[in-house]
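Reading through the structure tokens given below for one structure.
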Amino acid sequence: MNRTKIARLMLALGGVLTTAAFFMTFFWANASTFPDGRIDFGQKIFYFHVPVAEASFLVFFFTAFYGVKFLMTKDRRFDTRAKIATEVTLLFVLLTMATGILWTKVAWGVWWLWEPRLTTYFILTLLVIAYFVLRNSVEDEERRAVYASAFGILAFIDAPISFFITRWAESVHPVVLAGGEGSGLETPMLITFIVAQVGMLMLGYAFYEMRLHEEEIKERLEALKVTVGG
Amino acid sequence: MQDIYSQVMPQAPYVVVAYGLIWVGLIGYVALVFSRLKKIEKEISVVESAVKRREKSE
Amino acid sequence: MASASWRQFKAILRKDLVMEMRTHEMITSMGLYAILTMVVYQIALTEAGEALDVRLVMPGLIWVAFIFMSLLGLNRSFVHEKDQGCIDALLLSPVDRPVIFFAKFSGNLLFLLAVEVLSLPVFAFLFLQGREGISNPIWLLGVVMLAASVGISGVGTLLATMTVNTSGKDILLAVVFVPLMYPLLRAAVGATFAAVIGGPGSIETFWSWMAWVAGFDVIMLLVAFGLYEFVIGA
Amino acid sequence: MGETPLTGNALEVRGLTRAFGARKALDKVDFDLPEGAFLSIFGPNGAGKTTLVKILTTLLNPSAGSVRVCGLDVVTDAVELRHKIGLISHNPLLYADLTAEENLLFFAEMYGIPDAEERVRELLESVELDHRRLDLTRTFSRGMLQRLSIARALLHRPDILFLDEPYSGLDPHAMDILDTLIAQIRGEHTFVMISHDLSKGLELCSHALILANGKVVMFDERDAIDEAAFRETYRATVGMGVA
């Protein structure tokens, strides 16, 4: 089975799992309640907001990983991979921001709050955007690849800071999955979350492979054109 | 039942919009990539057949 | 070998200092920028009047001035290397690339610190007269300024080396630099605030923020140092 | 000058390829150049001339193949090799806000030259700039800058000199001076020159090389070259697409 087929399979599976998680969210997972017993319907956003956010961290790791590999080998394919990983990160980061803002409004009554998690995640968004701004302003292909790799590595340092900030600093952002008192989920909730998370990661992988496939065809096209032109 | 609706209703729009955005984002991205893939696959088949024709004529 | 690197380090640093003494390009533009920022602050704060305790916002305001000021200096610092292709002549000479990094970094750090030290008294003179001064010993401010400027210059030197080769370099440096600097700036403002406002426990708060600054400095300098060879050769 | 291992060859280029993705700036370039020779490299824009010189001067690494300059490998012995090469470009590579003397002293420090002041004075005299040594190079004319940049390139007594279109932008008088200077140092060094000017390049060289699309189209000794045929080959390469 070749990579394209695996990617298609992952896309299908990811689609099925996320759709299943979507229905589980509304028809199976326990309704979360406020301390006073009222139903917290806004909590439903959690089942997709968190998986997308975690996926964005994970995919962004590959930006740095392939950045390092590129700098060590100067092989253009690694730069292409880093670029695609960052592109998928951008998609996930934007979805995280959008759902996050909506949840903030539901839970805290405001659209935005400058609290540590939100702030660092906002910075992460800016870094991912800056990565593409940087790429677009370098003319020479190889130089572009080197600069983008270097910046990707630097930018990734911010990702763990954003991830762990709720554990380090005083933050009102909930830490659901870290254990500790009052956190934790009931079984149907946890299963729904896990299904959504796995589905989202599969989608991320599928997106990455599909884009890679596209870039590889582009490169083949370019190579063909060079041979025809020469 | 009435009670549950009154609790859920004010929060519902935000949840609906959130899931709407997620689905539009994910499906839109897939559609975008697929349409680009189609276009580029067409382009490469054109170039490839041109290369073959040239090789034959040489 | 080590002595050769030291000699080359001194040569590059001295050259940058001599050229700066001659043209005053960086110091003047950064200094003027600092003064102008203060004029703008006056406008921004004027309606709040006496009700506002300036000391509460001062730590943030000075770091806003410093970060944008540093952008100006960093942008200039590679222009004369690029102007007549001097960077090629430098790279052609038998010098280890990290030496270039440390020399440029030291130069940038010196210029930044010089303008910071000059503009801080002006700030105090314009905004803090007739108000309570700085609660904790003033040398604490020196500690934050030094430590944060190390991080700013280190990452800034690496990024400026990149952006000098790009189109739209001035704005690009800001776009890539400011978000990367966020953790450092946040901690620097925290430490400065603790130093200025004082009160019980402020010294501990100061040092815990300083631990953040120091951690950022160490990590970022190591990464920047490791990446420099790739970036300058590209 | 230096203690070069006696391979007899100043340049040994084997299968040199420089590629990024599908694009090949240099494609399996092979040639040898004996010591003391004067090589002129011709080729249209985008042929790979600048890339070739950048690799020979250790500024870029090859993607494949091996390159030895003065018997030293350009990748593994880069730092040692840099002591043996000098570059004169169409860009002066000088700091505009330093004086002529400061410029040379700075580079002398970078190379670790003993008795730097003595050496700098001697060089400034030989390029006839000793009267302007305390002036900023910002105030220099194009020709003066080029003379000073020759002095800079010769500071560390390199074995091999690279000339990257040194004549471009020079007025006839400055060209004459450059001719004289090259003639003076001709015997002591190996030369590699990139040139757009066929007549000038052929007049000076002992070996000629034509690059097009990153490939060597022609490489021969000057004496073996029929000038008319050479011009024809060169003209044909200019028509070849810039890939």
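Things to note:
So that you can tell them apart, the chains are marked A, B, C and D in the order they are listed, and the count of residues begins at 1 in each.
Note that a contact is a pair of C-beta atoms (placed from the backbone, for glycine too) under 8 Å apart; a residue touches a chain by one contact, two chains touch by 3 or more.
Note that the structure is a prediction, hence the values are computed from the model and not measured.
Annotation: A-B is the more contact-rich of the chain pairs A-D and A-B, by number of C-beta pairs in contact. Chain centres were defined as the mean of their Cα atoms; on that basis the chain farthest from chain B turns out to be D. Centroids of chain A and chain D (each the mean of its C-alpha atoms) stand 50 Å apart. Centroids of chain A and chain B (each the mean of its C-alpha atoms) stand 17 Å apart.
Separating the CA-averaged centres of chain B and chain D is a span of 53 Å.
Centres computed as Cα averages put chain B at a distance of 44 Å from chain C. Contact with two or more other chains is made by residues 142 of chain A. Each chain pair that touches appears in this list: A-B, A-C, A-D, C-D. Chain A makes touch with chain D in their complex at residues 74, 76, 141-142, 145, 219, 222-223, 226, 229-230. Contacts from chain C toward chain A in the complex involve residues 155, 158-159, 162, 165-169, 172, 175-176, 179-180, 182-183, 219-220, 223-224, 227, 230-231, 234.
Interface residues of chain A facing chain C in the complex, by the touch rule stated above, are 71, 119-120, 123, 126-127, 130, 133-134, 137-139, 142-143, 146-147, 149-151, 153-155, 157-158, 161.
Those residues of chain C that touch chain D in the complex are listed here as 4, 7-8, 10-12, 15, 18-19, 22-23, 80, 83-86, 88-96, 233.
Touching chain A in their complex are the following residues of chain B: 4, 7-8, 11-12, 14-15, 17-19, 21-22, 25-26, 29-30, 33-34, 36-37, 40-41, 43-44, 47-48, 50-51, 54.
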